Every structure is written in structure tokens, then in C-alpha cells.
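Take a look at the structure set out below.
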Amino acid sequence: MKNDRFLNLAIRYGFLVLLAILIVFFSLSASGFATPRSAVFILQSVAITGILALGVTCTLVVDGFDLSIGSVATSALMLSAYSMVILEHSAVVAVLLCLAMGALVGLINGLLIVKFRVPDLLATLGMMFLLIGLQRIPTQGNSIATGMRLSDGSAAEGTFSAAFLWLGRHRFDFFLERLVPVPVVVFLLIAVAIWVFLELTRHGRLMYAIGSNERAASLVGANVNRYKIVAYMISGVTASIGGILLAARLGRGDIASGNNLLLDSVAAALIGFAVLGAARANAFGTAIGALFVGILLQGLTMMNAPYYTQDFVKGVILVAALVFTFYLSARRGASGKTSTNTK
Amino acid sequence: MRKLVCQLQGINKSFGQNHVLRGVDFSLFAGEIVVLMGANGAGKSTLVKLICGYHTLDDGSMALDGEPYQPADPASAIAAGVVTVHQSINDGVIPDLDISTNLMLDQLTKPRAGLWVRDGRLRKDAQAVAQSMGITTDVRTRVADLGVADRQMIAIARAMARAPKVLILDEPTSSLSAAEAERLFSLLDTLRQQGVAILYISHRMSDVRRVADRIVCMRDGAISGVFADQPLDYDGAVTAMLGHSIQETGIELASAGKPVLALKELCIEPDSTPIDFTANEGEIVAITGLLGSGKSRLADILFGIKPPGAGEMFLDNQPYQPNTCAQAVEAGVFMSPKDRSSNAVVPEFSIANNMSLPFLNMFCRWGILSSRLQKSASDQMIDELGIVCQSANDDINTLSGGNQQKVIVGRWLLKPCRVLLLDEPFQGVDIGARRDIGRRIRETSDNRATIVFVSETDEALEIADRILVLHESRVVGEHVNQQINMDALVEQVSGAQVTPSVATSS
Amino acid sequence: MFISTLQKAVAAATLSAGLIGTTNAADMPAPFDNPGEVKIALVRYLSTGDFFQSYLGGVESQAAAIGVDLRVFDSRQDAALQADMVDQAIALGVDGIIIQHGLTESMKDAAQRAVDAGIKVVAFDVNVENDAIPQVEQSDYLLGKMALDQALEDNGNSFTAGYVYVPGIAPLDRRDVAWQEVKDANPGITEAAMFGTLDNPIANSVANQARSVLQANPNINVVFAPYDEFAKGVKIAVDEAGLTDDIDIYSADVSTADISAMREPGSAWVATVATNPAVVGEVSVRSLALMLAGEDPGANVIVPPTLITQSFLNENDIKNMEDLGEKMPQFQHADVAVADWIPLPAR
């Protein structure tokens, strides 16, 4: 019985305790780590992958998966640059175009999965390749920057408008002057919104039900297909928001596959499984998972660890989190069953 | 005296505080079919799992051919000659492979099996096994393309390929039609002649009458009766199994109110005989029939999952044509589906969340779910149905099957409805929970029509005011549940009495 | 020393550029007396990204200027496919092949087969270990060296540096040689931190790292980032940390986007050294043309890089690569592998 209690505590709070230990360790061993600016750096470095991870969390909740988020983000990056630099749109138009693109990609993903019965991994994998190719077509594979030569020989006149760059570069005063960057605020807002949606509304509850037993959910009258499509659309829109913030930070339209964005955000969402012993996708866990990776990378970089150790460390956390989730939680479930399953 | 093959003495087995088997003595002889009867939760599955090595016993002894027998796992049980065909057929076959590979799977897993699969040889061996079992299908057919009965036959054929001393069949006819079941029975006759000891688990009376040489009844973890004298005393066996006679469960007939749900010339299948049927307010109708009788399909039609072949439905005199479950629920037609684990239970949810799932709307304030409201509604339902749990926030997986079923039925009692459909509400439910559920359904039935779909006749007798018998998608019998002519009912269910006119008794 | 020699060469190139007149096909030696009949193939290993797009543009424009028939084979980083493509080109009966990048192991035999078939071959940025095949190179060592010389000129020989480097990437390794040399020669230089990543998008990932590094090492005043994506990332971090006045960034490579980043008001990115990839493409074609005409371009054809400083960009109001080419002729054209009879692409 004592063992059971310990196991339960370990599963519930183990990851948060690990996080606290990590923070204390880096504060002591890396000078300059324990400052408000450093904390904001960490938030900023995880904001974009965190936003993508929150989107993929929604698809994980309905027992789906979205491999296309990375390429949706880089497509939004290219689209915003194309819209402002070449078509000379305003920031508002560029942002709306990107959001619409994200929603459309999500809708197509959803329709492929629910209407055409393509397995989620395969549908979104196809979409990933499609987008990686598509984003290169309008510019024949070139990055977009003001002054680039267009196909008709003239130079692109448009620029990234100040309002758009504000999204990536402005910092709000918060205790300290110019402390909190816009992407961090956006990340926190989206995290709260997704958390409220998944945990507190009936739609979120039904999405969890669909993920756990799709048939049961449909037999209580839930429109399973619609919820699944909505999940992919949320994922597409959040990914495009990530891409917009990325474009605003970089200030140009870079060609990129976004695969690292995909892997990092999926890792954050999976690490989130282990937070508070949830053993399933959840918004709070995802945000903590993203922070966890961010803190670790910031600390390691400050201690001059080479880049390949960072990939290794990310892998270690992920494996540990998965063990937490699938082994320990399963054991808890099993011990719970034998003690109470009376026939 | 025939040869004693398997003997169990003083078997005890507990799970936690739950004493499942209490001093069971039991023996099996060569060339004999013993039917093991028992209500759900009587302990027969546990007994089988002990014999076939899934569980180890706490106390007592087992012997096989006079030698001590203590299987550590299912594989060693098989090696010792005890082979089991489990109820869930798909555990026994690999759908993506062909019949020959399925039949010869053991050859492929043998430790000294060669590296190469010789298909020709495999097929020839498989052909021999198939022929001996009366399987005529081409052995190159993929198992996925076969019907349920053929798959069952293949699972049994594979068991026979191991030349067992003891063959255990757990409810083998539960998914077979009458004709298919007959094929199985004649196979069992052959095996009996070959001297195999067969333990046949079922509480389907038609099976029992057909195959039993001896009947052993279990109740509450102990042997409650052994019937070996010819002719076998079937009624006595049922009484021993249930602890009371089947006719005893007196139903006080409810007075039926105005019609609620009416089916006009409705065809369950596109080419089946149309049926007319009316369910009235305050009344509980049981629709019974074997697998393939069309009762599951009828339930699906009423709940908007499948379209009817033809005909019309009326709800409170208004046309009723649901295209989705959501529309059915909207119209006030609720259904608790069969097979709760795949169709109803959300395994990661608490009791409160599982129960309130269809009506989350009711528990929202400003669009935000209130767990307090969910819990208080669930707590009330837990009381009314007598669900055994610590709190409404318990994980649903911590509950026993019967309590889970109560949660699933309770789900649809949260809100009043016009028609409540219950598809196999007593499937995998122990006798106590079954009584609780039945009582609660009868208590609440005043302002709606209730239709219960069950394949077990005794379950229908226990709950319904009126019983309808379906066979091959048409109504073959209708009985008011008072002094029913049991023989007629059983014959109608099994399809033995198939007359064009609707047979009735009262 | 080396640099001054190079500058002389560049100056000479600038002068001679004006002297090269237009020629017409009739003046060209065989087989270019009928250039439409000459087929050449470009077999590529790397193709996505600005550099490779621009290189291809140079190859195309030089090929068009001469009038030869150019076929482009793109293996998209598939080493085996690239070797097969050489065989395809042989089967197509081309007269010359340019091998652009690739792996020595996979290309060595394929290149030999082409030579055996009597086809003239040049290789760009891949060593195919074949004496009959001249190597066209942009000097990565010089890219690094010239940027660091500028850093020494601006900051003296004593400063605290951050260095962005990912080992194992051939051009970066060659630029690293220059860094190690300069560090050894100037004991006043302290390398406070080395970092770097190729996680995509690279600039964003490097920016995240650079933020941490600058936080941990506030005394850094020079960052050597010998790849423009690295420099871009460091610049973002410097801007975000509000350190634009305290830190100077020196890098390699250039693009239109880089020019605008360098010219942002108060930009910390003060200098870069680059070879124009289009020029490298032109040089590749010209080297091949020389070989086809029976002349010898030399075993190593090195395209010299150019130093581009922020102040130069600002003084001449340079907005994009085209402006840069106009205002900085040595960037537009390299006087390498030229001959009187070879027409240059129109500007």
C-alpha cells in the first residue's frame, strides 16, 4: 500500500520535481541563468514550437496525429513573405492569408482522414511533402527578401511591414523594461485557450471521448467526423500562427522544411503525457513539456555543451517521459484494477 | 467405467478479497461431453482459465491422466494436451493469413521448424486436417473473407490438429447461426467417438439439450448440481444454475399506455419480410432471437445507425427517420449499445464523465463544464443503480463488468426520453447487477416505451411485459409475459417452428 | 600578403573586364564554330537553397552566352542517382559534363567512365580524384580568412569572440582552418563560446542558442559566424538582447536578404566575405569550354572571394545582389578561365 502511494506520487509529480531540480542545478552552475531575462529567453525559444505542440495536442486528443505542422509553419513563413514582399499586401492581409491557409490545410487533412479514410499518419505525411514542395513553387526555390529579382526582371519592392515585424520583435514592459516578447504572450494565450477548450468545455470532453473510444462517442450522438476535422483545423491554424511569428522574427521568407519544428513540438506534446501522470495528451502538459526542453537547452548552451549533446538530451527526456507514461502509469492502472476489480 | 482423464479436487481461487472458486471438485472422462452451466459471474470462466493455464490455483489439486497437472502458462497446458477454444473467435485466428497457414500455425512455431515455408506441403497437411473436420472451403482462402462460423470451425480445427486429450469450448455457439451450430455439433459427435474429453461451456438450453452427456452447474463459485442420469433433468439444471426456477421471476404486467413508437411495413433487410410493431408508453418489450435474427440490425435502424430496408417509422405519430445517432437522441430515442467495452465505455474517463457523456450540455455553465454538476448527477445515479465504487470520480476501469454496465445504462436514464433501446444490457453482467439494472429499468419505465434486445430467453422473461421473437429478420412469435408456453418460445427462437403466420401464445 | 596578391589579381580582373569585347560564333574555335551542336550537362547533387539557385543561374547564362545546349540533371542529394545521371549524360552523347557537388566515393568511378568515353569533365566542389578533371572551387579558406582579417582590422588583435561552428560540414571545416590559424597567431583573441546548429530553420535555432550564449558571456564583442544563416541568427539574438552597439558580426556568403539585414539601422553585422555563386557557375562553364576547345584551364580553378562591408553597402546604397554586382565589379565577374573567344553573359 505504501509502495502504491509512493508510485502514485512519483507518477503525478515526478516530472515537475525533475523540472525543479533542473532549474536549481542550472541556477547554481550557469551564471546568469536565474534571471528574469533568462526566463523570458527560455519562453521565447520555446514559444514557436510550443504553439505548434499545442496544435498537435488537439490531434493527439482525438487519437490522430499531424505530421504536417512543421511544413504548415514554414509555408506560412513563405506565404507571409510572399504576400508582403511580392504582392505588397499589408500586415493584416498577410496574417489573415496565413491563418486561412492553416485552416484550409487542416480541413483537407481532416477530410482526407474522415471522408477518404486515409490513416492519419499517411494523410498528414502526404500533406507535409506536398507543402514542402508547394512553398518553393512561387519563387522557383528562392528565399524571399526585399529587393530580390522577380521572374519579370524587376526587383521586389514590398517590405515586411513594421506592424508585422512587431509580432516577432516587440517586447512588452513587465516589471522590467522591454521584457516579454509578443511570441511569448501569444504562446501563453494559446496555451490557456487550448487548455480551457480541452479541459473545461463539453467539446473538449467529447474530443477526449472520441480519442479514447470513437465508437462509444459516436453512439452517444457526438459528431465524430466533425470533431476530428476541427482538431486538424486547430492544428493547422496554430501551426500557421507559429509560422507567422517565425517570419516576424526572421524578417524574411526562408526556404525550410520545418522538420525540426515538427520533431521538437511532437516531443513536447509527448513529454506532456507524463506531466501530472495524465498519461494522455493535454495542454498543460504540452506547455510544461515545451518549457522542459527549453530550459534544458538554454542551460546546456550556457554551459557550452556542443549541439549534438542537445539532440541526445532531448531524446533522453523523451524516452524517460514515455517510460513514465506507459510503464509506470500502466502499473498504477494494473494495481488499481486488482485491488478494486471485484466480480 | 470410462477412463478418467482430468480430475480437479478442492479448488479454491481468490482475486484480492473476492473468493471466486470455493472448493470445486470436478472430473472429466474420455469420450464424454460435459456441459458446464452457470450464470455470469458464477465462476466458470475462472475455472476454465485455471485448467488452461491462465491462472494458477490458490488451493486444491489438478490431475491429468493420473499425473499431477500444474500448468505454468497456456503453452504448457497445450503441451500437456489441454486445448481451449475461447469465446472471442478472433483471438483464435489470424485474419490476414489463409486457412492453411492458420491451421498449420503450430507447425510454424515449433522450435525445430525449418526456415522455409513449403507452401505446397503446408497446404496438403492443412487439406487433410480440414477434411477430417468437414471443412470444404479452399484452404487458400483468406480467413478474413470467411464468415463467423467458418472462422470458429477453423479455430476448433486448429485445436484438434494438436490431438488434445481435453478440449474446452467456451460458448462456441454464441456467434453461430442454428445451421452453423449444427455443423459444430456433428463435429463434436465425431470427437466424442474418438475419445476426447470435452468440456462445453454454455447456458444456451438448445445447445445443452443437443450435446450434453452430463451437466455440471455452478453458482456463486461452487458446484450447485451435477446431472448425469438419462434422461437429463434440464429444468433441474436451470434451477441449480439460477438458484430458482426460470418461471419464478414473476413480472407484474404494466398497463400499456398510448403508442409511442410504431413500425409500419418495416423491412430490416432490403429483401426481408416487412414487420409491423408498436411499442407503447409504460411498456417494456423484449425482442429476442439468435445471432443473425436481425435484432441487432433492428436496434441500429431505430437508433439511426443503419437505414431500414424499406418501410416507415413513427414516433408519437410523427414520421421518424433518423440518419445519425445525434438525430435519434435529439428526437428522444436513446440506445445503450451492446458490447459495452467497444461501443460504450470510454476507458480513460471517470464514472462521472462516462455517465454524463451524452448530455454534457446539461452540465455546462457559460460553455464551461461544471464537474460539480456532473458529479452530483452521477452520485444520484450511483445510488439508484447501486453501483459499487468509492466515488463518481473513480476510473471506469476500476469497476467490475456489472458495475460498468450499470454506468452505461445509467447514462441514458439521466434524462427522460420517449424510447429507450437497450441492446444486450445483460451481456457480461453478473446476476446481482442484472437484477439491479432490470429493477431500475422497470421502475423508471412509466413515461416512455422501452425495448430490450436480448439473445437469452431467460433475460427476456426477467424484464419484459411482452416478448417478440425474431428469426431471419421477421417476427415469428409474440408472447405476453405471463404463463408463457416455453416450448413454443424456444422453438421459435431456434427457428425450429418456422410458419408463415405469426405464432402467438398468452 | 596573400590577400594583397589576391587584391592585385582582382584589380587586374576589373581592368581586363572592360577589355573583353563581344565576339561572335564565327570567331570561336572548334567545336564552338557551331555551338548549337555542342551539348553539355550539369549533374547536380545539391540544389535547394539560394546559393544553388544562383549557381544554376550563372551556369545557364554563361551557357546561353556561348550558345551551347545545356542539360540539367538534378539528383537532389541522392548520391547513387547522381552517378546514374552521369551515365545517362554519357548515353545522351554530351560533349562535356559539369559535376556540381557530390561524394568522392560515388562520383569517382562515374567521372572516370565519362572521361573514358572521351567526354570533357569539370568538377565543382567535389574531389573526384582524377587528373583529367579540373576542380572549380570557391575558396572557403579565403572566405574565412578575409572576414577575420577585417575583424582584426576593426577590433585590433585582442578581443573576446563567440564562434559559430558545426563540425563535419566540409565548407565549414575549411573555414574553421582560417579561424584556428588566426587564433593561434593572435593570442589576444579569446574564444569565450563555441556554438551552432543546423536545425531547420537554421537562423531561428541559432538565434535561440546565441541568446543563451550572450547571456552567459556578456563580455563577447566579436562573433565570427562564417555562414550567412548563422550570422542572421546571431543578429536576431543581438537585436533582441539590445547589444547592437557592443557586438560586431563577421560572416561569409551573401544574399539579397543578407544585404538588407546588414543595412538595417545599427545592424551588428558589419562585414561578410562572399563569392558570387553565379560567377562560380559561369567559371564552371567557361572551364569546360576551354577544355572542349583543347585549352587547359589548370588543375584547380579558384574563384576569388570578395569582402563586402556594411559601410560599403551603405555608401553605395546597395539593395540587392544586382546592385552589388553593379557597384562592385569584382563581385560580378571573376577573371578566371577566360579567353578572348568566349563571350561573357550580358549584364
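As written, the chains take the letters A, B and C, and residue 1 is the first residue of each chain.
Here is the rule we use: contacts are C-beta pairs under 8 Å (C-beta built on N, C-alpha and C of every residue); 3 or more make two chains touch, one makes a residue touch a chain.
In this text, all values refer to a predicted model and were calculated from it rather than measured experimentally.
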Apart from subunit A, which chains still form joined groups through touching: B | C
item: Central chain (distance from its CA mean to the mean of all protein CA atoms); value: A
item: Of all other chains, the one whose Cα centre sits farthest from subunit C; value: B
item: Subunit A-subunit C separation of Cα centroids, rounded to whole Å; value: 36
item: Distance from subunit C to subunit B - Cα centre to Cα centre, in angstrom; value: 75
item: Separation of subunit A from subunit B, taking each centre as the mean of its C-alpha atoms, in whole Å; value: 45
item: For the subunit B and subunit A complex, residues of the former touching the latter; value: 15-18, 20, 41, 303, 305, 324-326, 328-330, 335, 337, 342-349, 353, 357-358, 360-361, 363-364, 367-369, 388, 390, 394-395, 397-402, 411, 430
item: Subunit B-touching residues of subunit A, taken from the complex the two chains share; value: 196, 200-202, 205-206, 208-209, 212-213, 215-223, 279-280, 333, 336-343
item: Contact set on subunit A toward subunit C in their complex; value: 30-33, 35, 37-38, 41, 44-45, 48, 74, 77, 136, 140-149, 155, 169, 171, 178, 181, 246, 249-252, 254-261, 297-298, 301-304, 306-307, 310
item: Residues on subunit C engaged by subunit A in the complex (per definition of touch); value: 47-50, 53, 166, 193-205, 207-209, 211-213, 215-216, 218, 232, 236, 239-240, 242, 255-257, 259-261, 319-323
